[in-house]
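Common to both upcoming complexes is subunit A, partnered first by subunit B, then by subunit C.
Right after this comes the complex of A and B.
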């Protein structure tokens, strides 16, 4: 009962913060439009209509059409689906992996900690896009490749934070009590430490979603992400770049959702962080 | 300090060794072999075998890794099998263009961001303070390649103020600067607000410290306190940020080079992937990773030199 009222209080705090509310609205709109994309899109996003090619915004094509006469608005809506399909599973996997390795590093023996930290430092030493491109060179462009890059580059970030927090908790009395009763590492980590650090990390991870979406869009823009004719915000930008002298609408349709998504997740994430950390709430 | 320097550089070297070993192991583990991918489907098995031997892929993995590092110590990154030129030559031909772009992209945000940050810290809640606050969130929302596209669309295609593609005449400094303007602006834009917020926060922290209070008690002017004393300490976080930021700058440079069709490491990697030129991709990734690792190490060392507390932390 008490936990529920705490949740309610948090929800109220987010709703009272105008930017947080705006962020929530944007995120809900994004997720909603991704789920219902096929029914929301007025046209089939891959249907070619050569008679209507390269038109500006009209009553039927709200954001115009591309070089093949495909409806830009429909492609933008469907692009959100691809963006979330890449971002959500890969961030979740990176979070899971980072938590596991970070908690083990923080709680386990010193040599294991050193080994895991060296692995983290090494994975962070590649410039993200360079690592992504070397993966593409090795296994070819696909959404799977993008997801792999996200997991490899993000897991160390979450892992480091999980490690530090585990180390802080390690010496607290309730853990010592558990150890005295003979609890083993898996039990201590999963039942006692995980619930204490999960909240912070989920908020942090949710704030990384726009960066992942931008990476997918960036790679698709370079032709190293989704394969045509799959609509993605990045491939809209790619077509827009090729047609930059004939129409600005493709670039606008590709850029607008990326910027909106980033703003939405940033506002929501900051509101969530303020709620999760009352110290910040006061200083604001 | 000497001990710290050796330790920090040792860590950097270790990271580079582990990173490159990981990459080589990955090349080895990937199904299908590079020789076949490079030559395409029409190559005969004999041609593939010949290329494999030339690239050293016929040797066991351990030997390959050992040879790789031996060659690396001699500055040899292998041969580009298509053009028959050393990979190192090709990469170092392109590197200056990328470094020039990164410099153009970070110098102006550091200057402008510092000025805005110091001003915001001394004029809290003023119009400029609030504007930089909003700016720092709003502009970060657009990734560098999106800003690049809009910069290209507005300033090069529509208004035709600045050149759209290329790097300009290499012999004319003014011309090169003109070609750097749009790409440097596009990458740097998101850094202005970020740096301003960081300088503001660290200035506010420094301004609360006892030695500033003492300076005030001595009747020094506010201007002198802000710019003469507080800024010296308040600017420290920028050094760390620049070290870590190198990775982001290199990543952003890849996209911006493609958008403005500028020569550079990023364009080299993309072109090499398209032409399936593995050795060049590996060489360019290696050099940019080393650059990143080195710049974080230098930032740490600079921080340690300026702040004795950091030295004990490693």
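Right after this comes the complex of A and C.
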């Protein structure tokens, strides 16, 4: 009951924050459109129609068509699905991996901590985009490659935070009490430490989603992301850039959802952070 | 204390009211178009042109591609130069006379008024001998050696006279070897002092312009050669700016940063209706050739009926319309219209034949065919690849398009870059071309398998035809030979020739550009309008 009321209280706090509410609406719209994309898209996003190519916005093609006569609005909607298909699972995997390794590093023996930190530092020493391009050059462009890059580069960030928080909690009295009663490491980490650090990391992860979407779009813009003819916001941007002078609606269709997604997740993430951190809320 | 509001400049004392009145009058006149246009709206006496890549070498033996030649042609002389205009041909440059004595001897005499700058003296036949023979010298290992074909040596018969001696007749001598990169005559003394080769700094020049400086990724600057005795150079300096993206180059032109640039085909229709202020748009047929190749050594493509089905399924007008905005036309082979060896028709109809493609696929006995198509990462090629993907889907062949950035793409079929050539199935390729068919067929011989011949087509008959055509001096016979060579390529099923593309250029109406028939710049002949 207490947990339920805490959740309700948090939800109310978000709804009372105008920017948080706006972020929530955008995120729900984005996720909703991604889930129901095949039903929402008025046209097959990969169907070529040479007669309709490069048409401006019309009643049937709300955002015009591209150089192959494909409906830009449908490609934008389906592009959102690709963006979330990359962002949500890869951030979730990176969060899970980072949490696990971070907690083990923070709670385990010193040698293990050193080894995991060395691994994190090594992975973080590669610039994300350069690492992504190297992966693509080695294994070829695909959604899986983009997701792998996100997991490899994001997990150390979450891991470091999880480790720091675990080390702080490790010396708490309730952990010492658990240890005194013979609790083993897995139980302490999963039952006692994880619930206390998860909130912060979830907020952080939600704010990372736009960055991952931008990375996917960037790689697709460079031709290193999803394969044609799969629609993605990055490939819309690429096609739009080539035709920016004559058909600007293409680049708008690629850029607008990226901007909206970034704003949505950022507003929501900030609202969640405020909810999770009452001190910060009071200072605003 | 009130400040004096008068504006003083060069002794002119003008009140504020008078200044404002004058400024308003100038503004009104300008708005009405009543003021004369400045002679040099963008450039003064500097010509600024765009190159699609940066300078790599100023050595004719080691520079490759058109950007290298664009820089070298104004600073070096050749015996003959391409004619500017719409017809392929050549004109005398450093030679006062040049004559084909027989099929393997070409006699030439040099002008007596050409000298090398920085004290390297007059141009002599020894310089010509040195320039040409070093290209074919195995010790130098010049990548441009094939352009010199069957050159044996150059006999010096006088200070300014000599004879070019070929081992065998070589028809492309007049269309590639002499008027292109390998034909640039350098100073023997200067190059020997530099150790036999140079990089990105030229010790001397003999043409209407001299090399001044290269700012990597910024520009190459050429300046007028004060010692040049030929037709005077029109500009004090020429700046060649490397801008790989044509959209960016177009914007630079509109901003007044360029006087001459190629523009993307996607812009042509818009520019036809509304060219930028002071801009002139011109369209040229290109010599490039674009084709879909199939790796004959790949187990998935061993069935000739399957390859033919692919050929017949592809609709060229769809590709030229979608990827080239209707500016480029479908091609019939490697060799563009206007050149010896051009075919009026290919064996496969332009628009393909879907029914025949389906029938061929059925006859092949292949089912559930799925193939990969590798393409270079440009909007044009990715668009063309998606049309091919859709065309092949119509006959039940699934195609996965793999997009590669340029550096990776150009290693895909190279054996020297690893075993990835074995996985290559379909590939969308584009080669540049010079105005002789020899240059096209030379990349598809057995010797080129695993180098530039990614289809791995190897036919002794084709090789023999290629070699025989190179030494054939009868134009009619050469024409037939090259047409047959393209028929042979197409009959393998490994090639679907797509287009020769098109070149669209935009230039400032204050200049008078000099271009080859394919739109390539001949900067030394550019003039002020």
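To be clear about the criterion, the second predicted complex is superposed on the first by the 283 of 284 C-alpha atoms of A that agree within 3 Å, B and C clash if a C-alpha of one lies under 4 Å from a C-alpha of the other, contacts with A are read in each partner's own complex, and residues count from 1 in each chain.
The rule we apply is simple: contacts are C-beta pairs under 8 Å (C-beta built on N, C-alpha and C of every residue); 3 or more make two chains touch, one makes a residue touch a chain.
Just so it is clear, the model here is predicted, and its values are computed rather than measured.
A.B. asks: Consider subunit A as the common anchor and indicate whether subunit B and subunit C clash or fit when overlaid.
C.D. replies: After superposition on subunit A, which the two structures share, subunit B runs into subunit C.
A.B. asks: So, A:224: does it touch subunit B (first), subunit C (second), both, or neither?
C.D. replies: both
A.B. asks: Name the contact category of A:48: first (subunit B only), second (subunit C only), both, or neither.
C.D. replies: second
A.B. asks: Just checking: does A:67 make contact with subunit B only, subunit C only, both, or neither of them? Give me first, second, both or neither.
C.D. replies: The second partner, subunit C, only.
A.B. asks: Once the shared chain is lined up, is A:242 touching subunit B (first), subunit C (second), both, or neither of them?
C.D. replies: In the superposition, A:242 contacts subunit C only.
A.B. asks: When the two structures are overlaid on chain A, which partner does A:148 contact: first (subunit B), second (subunit C), both, or neither?
C.D. replies: In the superposition, A:148 touches no partner, neither subunit B nor subunit C.
A.B. asks: Considering only the touch criterion stated at the top, classify A:263 as touching first (subunit B), second (subunit C), both, or neither.
C.D. replies: Only subunit B; A:263 stays clear of subunit C.
A.B. asks: Is A:139 touching the first partner subunit B, the second partner subunit C, both, or neither of them?
C.D. replies: first
A.B. asks: Spot which of subunit B and subunit C makes contact with more residues of subunit A, would you?
C.D. replies: B
A.B. asks: After superposition on the shared chain, which partner residues are touched by A:130: those of subunit B (first), subunit C (second), both, or neither?
C.D. replies: Once the two structures are laid over each other on A, A:130 reaches subunit B alone.
A.B. asks: Which of 275-283, 401-409 or 473-481 in subunit C clashes with subunit B after superposition?
C.D. replies: The segment of subunit C occupying space taken by subunit B is 401-409.
A.B. asks: Would you please give the residues of subunit A that touch subunit B in one complex and also touch subunit C in the other complex?
C.D. replies: On subunit A, the residues that contact subunit B in one structure and subunit C in the other are 133, 137, 222, 224, 241, 244-245.
A.B. asks: Using the touch definition up top, name the residues of subunit A that touch subunit C in the complex.
C.D. replies: Those residues of subunit A that touch subunit C are 48, 50, 53, 67-68, 133, 137, 140-141, 222-224, 227-229, 238-239, 241-246.
A.B. asks: In the complex of these two chains, what residues of subunit C are touching subunit A?
C.D. replies: Per the touch definition, subunit C meets subunit A at residues 247, 250, 264, 266-267, 269-270, 318, 321-323, 325, 377, 379, 382-383, 385-387, 389-390, 400-405, 408.
A.B. asks: Note which residues of subunit B are touching subunit A in the complex, please.
C.D. replies: Per the touch definition, subunit B meets subunit A at residues 11, 14-16, 18-19, 22-23, 26-27, 30, 137-138, 140-143, 145-146, 149-150, 152-153, 157, 246-248, 250-251, 254-255, 258-259, 266, 269-270, 272-273, 276, 278, 281-282, 284-285, 288-289, 292-293, 296.
A.B. asks: Please give the residue numbers of subunit A that touch subunit B in the complex, ascending.
C.D. replies: Residue list for subunit A touching subunit B: 118-119, 121-122, 124-131, 133-134, 136-139, 210, 214, 217-218, 221-222, 224, 237, 240-241, 244-245, 248, 251, 254-255, 258-259, 262-263, 266-267.
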